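Below: one structure, written as structure tokens.
For reference, chains read A, B, C, D, E and F in written order, and residue numbers begin at 1 within each chain.
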Amino acid sequence: MPTSSSPPKSTAENTISGGLYEEDGWVWAQIKAEARRDAESEPALASYLYSTILSHSSLERSISFHLGNKLCSSTLLSTLLYDLFLNAFSSDHALLSATVADLRAARERDPACVSYSHCLLNYKGFLACQAHRVAHRLWQQSRRPLALALQSRIADVFAVDIHPAARIGKGILFDHATGVVVGETAVIGNNVSILHHVTLGGTGKVGGDRHPKIGDGVLIGAGATILGNVKIGEGAKIGAGSVVLIDVPPRTTAVGNPARLVGGKEKPSKHEDVPGESMDHTSFISEWSDYII
Amino acid sequence: MPTSSSPPKSTAENTISGGLYEEDGWVWAQIKAEARRDAESEPALASYLYSTILSHSSLERSISFHLGNKLCSSTLLSTLLYDLFLNAFSSDHALLSATVADLRAARERDPACVSYSHCLLNYKGFLACQAHRVAHRLWQQSRRPLALALQSRIADVFAVDIHPAARIGKGILFDHATGVVVGETAVIGNNVSILHHVTLGGTGKVGGDRHPKIGDGVLIGAGATILGNVKIGEGAKIGAGSVVLIDVPPRTTAVGNPARLVGGKEKPSKHEDVPGESMDHTSFISEWSDYII
Amino acid sequence: MPTSSSPPKSTAENTISGGLYEEDGWVWAQIKAEARRDAESEPALASYLYSTILSHSSLERSISFHLGNKLCSSTLLSTLLYDLFLNAFSSDHALLSATVADLRAARERDPACVSYSHCLLNYKGFLACQAHRVAHRLWQQSRRPLALALQSRIADVFAVDIHPAARIGKGILFDHATGVVVGETAVIGNNVSILHHVTLGGTGKVGGDRHPKIGDGVLIGAGATILGNVKIGEGAKIGAGSVVLIDVPPRTTAVGNPARLVGGKEKPSKHEDVPGESMDHTSFISEWSDYII
Amino acid sequence: MPTSSSPPKSTAENTISGGLYEEDGWVWAQIKAEARRDAESEPALASYLYSTILSHSSLERSISFHLGNKLCSSTLLSTLLYDLFLNAFSSDHALLSATVADLRAARERDPACVSYSHCLLNYKGFLACQAHRVAHRLWQQSRRPLALALQSRIADVFAVDIHPAARIGKGILFDHATGVVVGETAVIGNNVSILHHVTLGGTGKVGGDRHPKIGDGVLIGAGATILGNVKIGEGAKIGAGSVVLIDVPPRTTAVGNPARLVGGKEKPSKHEDVPGESMDHTSFISEWSDYII
Amino acid sequence: MPTSSSPPKSTAENTISGGLYEEDGWVWAQIKAEARRDAESEPALASYLYSTILSHSSLERSISFHLGNKLCSSTLLSTLLYDLFLNAFSSDHALLSATVADLRAARERDPACVSYSHCLLNYKGFLACQAHRVAHRLWQQSRRPLALALQSRIADVFAVDIHPAARIGKGILFDHATGVVVGETAVIGNNVSILHHVTLGGTGKVGGDRHPKIGDGVLIGAGATILGNVKIGEGAKIGAGSVVLIDVPPRTTAVGNPARLVGGKEKPSKHEDVPGESMDHTSFISEWSDYII
Amino acid sequence: MPTSSSPPKSTAENTISGGLYEEDGWVWAQIKAEARRDAESEPALASYLYSTILSHSSLERSISFHLGNKLCSSTLLSTLLYDLFLNAFSSDHALLSATVADLRAARERDPACVSYSHCLLNYKGFLACQAHRVAHRLWQQSRRPLALALQSRIADVFAVDIHPAARIGKGILFDHATGVVVGETAVIGNNVSILHHVTLGGTGKVGGDRHPKIGDGVLIGAGATILGNVKIGEGAKIGAGSVVLIDVPPRTTAVGNPARLVGGKEKPSKHEDVPGESMDHTSFISEWSDYII
């Protein structure tokens, strides 16, 4: 039943022919049901909802249409971009699977995300990330000028600047997203949450592996700047506004400018939860204050 | 005489049928006079000035036209948005009254603001704030999908991301504005000045009241991040780049990452002026330096 | 031979009638060769490359076309802007000369910049800077309303907000660029590199000379905020996320919030290289850590 | 019940506060019901139907939106035109009343007109006529430059060129409409049907009353050219391809190039029906052939 | 060899798996070769040629892109139309086969048609006909509201008004095409040539079979009006400006207003050639003059 | 004084350095004065008038801007067309001189033409003719694909289809203009007036010189079709709806379908005036009737 509010469980046993595809279908059915409900209650928005969601037969068509119309310009036509996105999403199921994981990440972690369709239509971080995945695929296929042109459109339209070579996992939440910069050799694991104004930047003018590596389940607070080929361990937490130039061990918290580990360099405090999923930005406040002052 | 440079005094005795409306009229007359002067001196800009200002019979029509054309997209047409804005501004005089207060705030507090029309046409913080007020009105009328679609357009076009549920007072200056993020349960008082890259953010993935409350007359410097349901007292000042996770008492200054009160937690220094109006970003420098080092 | 990979040497003896013009021609020939190669390898991008580069007879036509189409809106038509840009670039060779210097800066300093055409087409910092130069020229010609309207379009489209009165040298790299704010009385020297989210801001609501002066060869890291009429000496380096309210002597490094000089206020460490060109963001890490902790 | 297929009878007793307004409401309800049915059966068209019809609260808003978006150009924005149309339709009920009469004329007389909404959305003759009525109103208000600009847009977009001074009655069917030309001093009565390529043209270069006067109930076949201040009597019929330079008495038929009266100049045959309503283009064939050969 | 100037012979033995598909491929290769040559010689047009032809992998993609961008409007987006066209051309090979036959008809019969690509890009009659074929397919699939919306866009953009129910054969040349009107129950055979301003119109307001039936190889001169369910026999010729209300036997010529058969009603002259292919508009002049005067 | 209503006399002695250029200047001054007056009286149109006329420094810039914005499409950008037009008008003064002569022709011969600016902005026949002149220049420069693309845009936008090879004189009035078709080898002299739906067409499918030659001062009535390489002598008049397949001697009138000379083939009546200038469409009526019946 598409309008049921709890999705099918996503277990390790799910195979592509079974669970994962089933999950995609469930999310798409939810999106259509939400859009139908909203179109009925708000006629002024119905045209928008039909053109972006309700007229489409699949999630890949819907998102290709939406991205094509968002990212087009007078010199890069929407029809060209639509074709490009649709071809990518149709040829490579992993893209759509990541899209669905990101939709679920937004819905579960962001209390302001009231529906899947809200994220699909309105979240610039979500949209930038999906467009990046297509740009990354083009990069891997050695279609680099096209990948770079796409990066540029994403940077103009969403103010999110991700190099097409950067590798990004699934279940990612780019919350608010304005100003995010992710460099060429950066790697982001699964189930990571990154707030706006976050930089995963390089060092110097020499090429090579020079950007951060972010482990699974990491949470990076607003305005954090992480520079250089440093390793942020899985489940680590980076405080808002931090400037991180060092490795951060798994399940520890780094804060401040320059960032230091909460609990001290030698024996940093370890937390139990997965901050990329719990989105707990501030529980370390008292601890931090104690540490600093 | 519309081109006189000093507006009618806005006193407590002003009533809606008298002073406030009169003030709106004075500002609109100024705007038209400025635009007329600019159109005459710069023919290349005259078409723009006529379409946005000089062809309109009222400020609400002018700003509805301007916002409709700025925020439209291929799937949300300018005619629809124009209608939406015009209907809001025409039905609810408080909206226009806030618009006028914001125009005056920019004109008085920002030395780079050379005229009311300059602010009306060119200030993305001003425009984002007016569009937010309409989105907020839709939110209150339970037209939430439309309010969220509007938020998304504002975030794409101006890179200013304000949740439509956030409550914002009058006489607000969002200076430069790029990257501002204001969360769902945030409240901003009157006569507040907020620089670019400022975040009034939430904590964690649980809903409920989770964003900052900003008192009247507060000044928040560029890049400041205020997280959680903390209270920034009236007339307080938040230094640029600060990360604030604590309450800040009225007329005190918080600086640093993490932010501490200038003068110390126990007995912070109190200032006399209203920083949201005086826009004094840096007079605390020496004091601060003393405090820190 | 246009496709040769090493440009003519740019020496002090180059005169306008000789070397500089020759250099412009060399860069334009490179750009055309790159675009031709990309159009051949990627038919989906060929239309874009022909309309922006290959159909044009000169760099000034190409960039005027590109900026006109990028910055236009429904009320400021592309034809008007194209005319404005082309007229400026054609009348004032210094503009084009600065454009070429900026292209070379990006190509030399940013390892992600794979070609001149990539920068010309896709770098929002580069494009914002060229458009600013035209706005600055209008400002100097007392065509201020038009200059301000242009600033507003640049701020909307690229999220880069530079006051048209600000003076900017040559060989500038605005890397990533989202969120950069440069105030009215700011001055930026030659061969400066500025990362995204950098603010060169004012203080208070009084007019007059109130913004930073950035010397030649300075490097300003991501998210740095420099406020007030302070002087950042030539070859200085400002760490990412720093909040700078003080003068920084030549060839020294300022870091932190509030920023302090590495090596101490009295006898700060001096570095040898020109950080605006070497782009070394992080070599001071160990030194800094030692200093702070 | 809006979806009932027979409209309220339009009798002489209908007053504006009663029957006519009621009829308008009935037609609008039909249009919405048709559009809703079509949107349900054809999701690809639903966005179009919502934006043009289903999102609007009245026929005047719907048609103003549709005309504004059809007739706009890069120099005459849709928001401006929408405003102009909406203001006209809202201030002058006679306009809407004529619109409704035209919708009914198309529905009753054109067997290819399957619904009111089909006419409203797709019939260029219908749309050109409604836009002309607004242009005519502007002409009467001495807003001539605007009226002429509107005429030009109608001529470009619909290839229907009606001078804004021309007076046109109600219940008009411009069938197919491409190439229709109606001159400045032409007058068209009520319940007239005019096929495509019809010219009501002037003579010579002298101003003054110089165009045809078309009586009530006239039918003018495709490609007919009527020149000069001649009078086409009520219920007359003009054969396709005729060139008419003479008065045509009521209820007679003129055919040929140059046109002659069927039955002869002295005692032309009179027909009983109202050809503008019966749309009988060809029943005179045998009669004509007899006459000619 | 694609640039060879003589196409493979199209013989009766050609089967779909062999000759016809081969022929399609030959024409598409020609088109690409022509476009490549033109792009090289005219850089100002190269962007246009790449976006419309050279970036596409097949003729169906090229024409779907071109029609989608030509026929789109602010309420019917190009991406939607592109999808619609591409889906039709991809599902039904007969459509593409007719397109190729029409391209060859233009190239062979119109001396002003200098290349296949010229016809594909620039001939409004050709483009209107291909778009009609897709509208006709929608009509047959009972997607009538969409078919009618498409007819309306074709009528607006190309001033060619063909009812989607009309049946049209292959190898059709609509030369110049402005003002062509083809009614609901009209049928047009194969290898027909129809000049501009031609009407195949109905009679009266009663539905049913009421439009002309045009046989194979017919030529209809400019401005001819054919009304009613009359039969124009194969290889017949209709003189320019004729008004035809009678059947015309095969291989005879009808001229005049009203049209009569050249040679007389009883024993009209028969010609040998196929006028729809020979395009001989005027050889009957002497004969005609003799007949008339 | 630019607003004076009588232009400088255009005499035979006028040389390019003197009179003709002076006349151009006088007309441009008139146009600006008219536009200024209209902008003042109609603020809703002022933006349009500034962008098309008042912001431009010369007539060639104004018309290049206007044509570029009228004829552009999503695949042929306005900036490209503007450049093309401006370059043509700036390089070849004969173009502008013809433009001015056409403006005067419309103003003098068409009683509905109330001002020069009305013609410049709104007359599709005038605009199509100026754009054709540029296409013709490209054709002569062997830039044929571009010339044909321009023809196609003119045919789409104005429904006026003139082959770029056709040669057209000065002082031309295309009145109403919809549906005009002019073939490849047609020639039109000076001071000719051509109404809408006029065809100067070819015969058959063989190339070579196959279209009409129209002498100076000819008037061709609405819907006339002239086919083949026939000669219409200077000062001749072609009646509306005529089908002309024969030469027409100077200062005679041809009418009817097929057209015959008024006064008879042997000794046709000669008229004294220049009908292309007097625009007398119908004075031959009585004569004609006598002749025919």
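Descriptive notes on the structure:
As a convention for this text, a residue touches a chain if its C-beta (ideal position, glycine included) is under 8 Å from a C-beta of that chain, and two chains touch if they have at least 3 such contacts.
Which chain is which protein? Per UniProt: A, B, C, D, E, F = serine O-acetyltransferase.
Note that the structure is a prediction, hence the values are computed from the model and not measured.
Chains that touch both chain A and chain E are the following: B, C, D, F. For the pair chain E and chain F, chains touching both partners: A, B, C, D. The minimum number of touch steps linking chain C to chain E comes to 1. Superposing the C-alpha atoms of chain D onto chain F requires a rotation of 120 degrees, rounded to the nearest 5. One simple way to say how far apart two chains are is to compare their mean CA positions; for chain C and chain D this gives 59 Å.
Measuring from the averaged C-alpha position of chain A to that of chain C gives a distance of 29 Å. With each centre defined as the average position of its C-alpha atoms, the distance from chain B to chain D rounds to 50 Å.
Touching two or more other chains at once are residues 44, 47-48, 51, 55, 69, 74-75, 77-78, 80, 159, 178-179, 197, 223, 241-242, 257 of chain A.
Chain-to-chain contact here is organised exhaustively, every possible pair of chains being in touch. Within the complex, the chain C residues that touch chain F are 47, 51, 55, 61, 65, 68-69, 75, 77-80, 82-83. Interface residues of chain F, counted against chain E in their complex, comprise 73-76, 80, 84, 143-146, 148-149, 151-152, 155-156, 159, 161, 163, 178-179, 181, 183-184, 197, 199, 201-208, 210, 223, 225, 227-228, 241-243, 245-246, 257-258, 260.
Note for the complex: chain F touches chain D at residues 38, 41-42, 44-45, 47-49, 51-52, 66, 69-70, 72, 78, 108-112, 114, 118, 121-124, 157-159, 176, 178-179, 195-197, 221-223, 239-242, 255-257, 277-283, 285, 288-289, 292-293.
If you check the complex, the residues on chain D that touch chain A are 39, 43-44, 46-48, 50-51, 54-55.
By the touch criterion given at the top, residues 74-75, 77 of chain A touch chain F in their complex.
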